[in-house]
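Before we start, here is the structure in question, set down as structure tokens.
Note that the chains are named A, B, C and D in the order they appear, and that numbering of residues resets to 1 at the start of each chain.
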Amino acid sequence: MIIVLKPGSSEADIEDVSRRVRELGFKTHLSRGEVRTIIGIVGDDRAKEQLLALQSLDSVENVVRILQPFKLASREAHPDNTQFKVHGVPVGGDQIVVMAGPCSVESQPQLTAVAESVKAAGAHVLRGGAFKPRTSPYAFQGLEEEGLTLLRAASKSTGLPVVTEVMEPDKVEVVAEHADILQIGARNVQNFSLLKRVAECGKPVLLKRGMSTSIQEWLLSAEYVLAGGNPSYTLDLNAIPVVKKLSHLPIFVDPSHGTGHWEYVSAMAKAGLAAGADGLIIEVHNNPAEALSDGPQSLKPTKFAQLMAELRPLAQVLGRTL
Amino acid sequence: MIIVLKPGSSEADIEDVSRRVRELGFKTHLSRGEVRTIIGIVGDDRAKEQLLALQSLDSVENVVRILQPFKLASREAHPDNTQFKVHGVPVGGDQIVVMAGPCSVESQPQLTAVAESVKAAGAHVLRGGAFKPRTSPYAFQGLEEEGLTLLRAASKSTGLPVVTEVMEPDKVEVVAEHADILQIGARNVQNFSLLKRVAECGKPVLLKRGMSTSIQEWLLSAEYVLAGGNPSYTLDLNAIPVVKKLSHLPIFVDPSHGTGHWEYVSAMAKAGLAAGADGLIIEVHNNPAEALSDGPQSLKPTKFAQLMAELRPLAQVLGRTL
Amino acid sequence: MIIVLKPGSSEADIEDVSRRVRELGFKTHLSRGEVRTIIGIVGDDRAKEQLLALQSLDSVENVVRILQPFKLASREAHPDNTQFKVHGVPVGGDQIVVMAGPCSVESQPQLTAVAESVKAAGAHVLRGGAFKPRTSPYAFQGLEEEGLTLLRAASKSTGLPVVTEVMEPDKVEVVAEHADILQIGARNVQNFSLLKRVAECGKPVLLKRGMSTSIQEWLLSAEYVLAGGNPSYTLDLNAIPVVKKLSHLPIFVDPSHGTGHWEYVSAMAKAGLAAGADGLIIEVHNNPAEALSDGPQSLKPTKFAQLMAELRPLAQVLGRTL
Amino acid sequence: MIIVLKPGSSEADIEDVSRRVRELGFKTHLSRGEVRTIIGIVGDDRAKEQLLALQSLDSVENVVRILQPFKLASREAHPDNTQFKVHGVPVGGDQIVVMAGPCSVESQPQLTAVAESVKAAGAHVLRGGAFKPRTSPYAFQGLEEEGLTLLRAASKSTGLPVVTEVMEPDKVEVVAEHADILQIGARNVQNFSLLKRVAECGKPVLLKRGMSTSIQEWLLSAEYVLAGGNPSYTLDLNAIPVVKKLSHLPIFVDPSHGTGHWEYVSAMAKAGLAAGADGLIIEVHNNPAEALSDGPQSLKPTKFAQLMAELRPLAQVLGRTL
């Protein structure tokens, strides 16, 4: 971090700011330009948040961050890719991992039909929502605990591990009992209470990027999970090569929510692989026109099977397996 | 809601879509244009979310919403302004309500100093954070329950009611015990689990608008609180005349977070009143350069007193009182 | 288009609005819901802009557009893909077209070196800026007419056709003399005077999408060019499958400007092809660290050749040629 | 500007980067942190754009700008407010300047009626569009030169100076002949060819902020005009106190385009004054429901007169005159 002083700052101003920095436990390094003096700050970056308050001093023009504020999520601290297995499915290596299933778990027959079809098409993980974040209080809110039980049953009968969303801290325990991967939805990417709780649960976490969350904010949310002691960890979406450069964590793409319409899912799934994603998460429904949520963006099972057939040679050309 | 069919839809397509609409309990109204057929849908709007799934049919081009999807928050359903009192402070009437205090509660001496100074300057409600949502896990996270106790004590000694943020559902009970108004932060505006819980607590709720939340999404979040049975309710910020037209709820402006810098707080506080806000929420700190959070945007007590003195004649010219 | 009346509108209100619509040359179609009356409007959509003014009537709640406002650019009016040739290079068919070259033309030796290297790597079109839109008036503004002459010479010696940006209407003639494709930059996507002029020049136009331009606004800008009588036409960038569904026009991806950093260009070029783009436009420079513009996002010739080698099998898997 | 080197950079790397900086005419200042070396750059900021290309070197992590890139527009270079007169109307002083009139000039009777009514209500400048930037090529494009003639006539008969938009460089001359202030629209805020031309015309320029233009980009566009030698200059809209702190230029607010709906114009005009604007620009039409453009956001003359009556005491409370 560096502190830029206003032009015309006196020696007393410079000394006052420097003293405050030293009192917070950092060393300073002075640099006098033609017009402005700059104070460089040396020391552990994680504690530097506190220095931002110095912006309120009359003599300070700006406090500028030089380094990324996350550590555990950074590639600098952890040069190798993170790799781990979920029920035998390798995540973060050459293998492209496909998670597929309905937006909402609606009933036992619906979930069974979809789970069997995505397994037959080659998906590796079953997705399905039991707790649903809905913009309107009048929309279907999910089957809740009953949905978790149905997911666990579908997992047993197909052998596919299960990923599902958790929305509030005091549901983390029950969701972690039934699911193999916990998803944090886009609206909760900065729900820090929830992040702290899932960090402790010991299961891998799929952390969606919020609609207006910067990549830095997103990786800081990942940092919450890593700082809580949860070692295996996954991400999804968008700015893939940037995150791959900044961080060692696996990245997933969600072409269903990314586009909002099934006709675009296939193109964006391919684009995600080509951009370097480690896996996909795709909504599949046996009867989209009557889906209780996200019908317009769900693939029918036959369309999903066709997509998988098209993704395989693509993965091969990209030096990955599927 | 209306359903726009693709050009060239057959009579069978039209009948198929119409039948699906009727099976969901709505009446249809057919309108044939030169190129496209449109199906109008008559019935209770709150149940119409389900119709969006029909977009996945091959014959449907688009499903277009005609009415606002919120009811209880709408001015149409409730033409008069919502007015209520918090410990004798009238909210939503001619009286401009000013909430002021530190971003974070840091210590008993800090809170007492600030509370006494904002009371002397004419503030009506004491604000202060006990649970802090911080982007970085390495930043100060708040005094938590101890902060609540300090807020309650400062409220007793000054007579000012207290507003503070609640971040997770299972803290609603303890926060509601200590605070008079519960604040939902910008990052939690779509934390639906939290909204449902505060809806039941019986205390007024100050619901911030999320950084990328549309006005419609914001009012739908308000709808969650109102639908849960919580009758007294407040909002804050930005698109004031639009929300005033769409809804009867009081609106507050937060010039501290809206600008992020104390030098701009005064201009934006005045602009908020001029735009029609019912009140303000302002961060005040006795020593901003050492504040544990939001130092750069906090006013010193003397600056706050000066702002209040400038706001009073402004309120009068606008036909309000302060 | 439909007009939604306010609840409680009288018969006289309905008749007043309907009469105004009919006076503008449209037929009306009345639909009475439980709460609101809706007036559907039948007739040529291109003239309907005028109806938006009716929103200012007291009895009108909203005027809602049902159809896309562009015609010539739409796939509905022109179901087949647009295909054409530029100096023998087929655009819009199975062939992936790669345009490559420096951001700015800086000197004859620089342009020659880059042009020969991109030709050797298999590029089809030479790109290079002679007129440069720079955010700061103190940044390099391009070689202007001299740059055009250098581009034409490089085109002659390599056989590659040339694409370059035109920034103002009275330069269209001279740019069209020297270039084979005219590029409209992102900042000029709604420079309607410029669009009208290039529409008349008879050369293909590469129209970039503005940073905050919606897809609808972008296609309306394309409509300006098509309405001016220019039949061959290209686009570039982002929301590829959506535009491919809405329009028959070829789409190009610009991974250099889309990412702003050379390390991400390769991943995004691949993603663009996988998403369905008809071609790429890529910045290549023989000495990026001394480039007068866009150094950080330019590929060195060897990196570009390596990218082309990786793109060829990818194009094949996607059923395209390169 | 400072250059942040990657961790592990060798002495040779540091010397290579430093040498390149010196070759561009700057002095360097080395600062070695625990993990990273930072090279500070001393010298004229306007020439530093060129240094951004160094980001493409393997040893460079980032090039960070410390100072604002604009000079002539900055308050640092010009501490006093810019003040000037347009036909006797003082701009940039205590006087609030109100510009009002129709969006488009449609006919002589329409313009005369509106011009007389806004003059009677106390407006200082007549606004009206002769050249209209319209998203759709099928919408009304303005009366063009005929509109300029009508504006000049209305100016003569009312004594009000005239502001109107210019959209392309080769129309600057004719517009400057008929108008007293030239407006650059939001879509042209980065049309640099146009900015250079209006900079030379010697008339004051009203430069709108583009929809997605940052404050820095906006002030750089102002810099284009100032660098071209045009000394009197005005701006409009949004982030008023920020721009007032960064720059000495007068700022106007456009509540008509800022809100898009006449019902919100009054609230936002008041908010603009309260935030510190130097003037307002407001659309007024004698028959909004039949306006050829922007009907929904135009005030009727009686509503405009009422707004002026409400603004006068507000200006007084704010220490300004109107």
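Definition applied: a residue touches a chain if its C-beta (ideal position, glycine included) is under 8 Å from a C-beta of that chain, and two chains touch if they have at least 3 such contacts.
Predicted model only: the values in this text are computed from it and were never measured.
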| item | value |
| --- | --- |
| Rotation in the CA alignment of chain A with chain B, degrees, nearest 5 | 180 |
| Of C-D and A-D, whichever chain pair has more C-beta contact pairs | C-D |
| Chain whose average C-alpha position is farthest from chain B's own | C |
| Same-interface partner of A-C, chosen from the options B-D, A-B or B-C, over half of the pairs matching | B-D |
| For chain C paired with chain D, centre-to-centre distance based on mean C-alpha positions, whole Å | 27 |
| Intercentroid distance (Cα basis), chain D paired with chain B, Å | 32 |
| Inter-centroid spacing, chain D versus chain A (mean Cα positions, whole Å) | 39 |
| Chain C-facing residues of chain B, complex | 2, 4, 7, 29, 31, 33-36, 38, 40, 42-43, 62, 64, 66-67, 76 |
| Partner chain A, residues of chain C touching it in the complex | 240-242, 244-245, 259, 263-264, 267-268, 270-276, 313-314, 317-318 |
| Partner chain B, residues of chain A touching it in the complex | 20, 46-47, 49-50, 52-57, 69-70, 131, 133-141, 167-171, 187-188, 190-194, 211-212, 217, 220, 223-224, 227-228, 261-262, 288-293, 295-296, 298 |
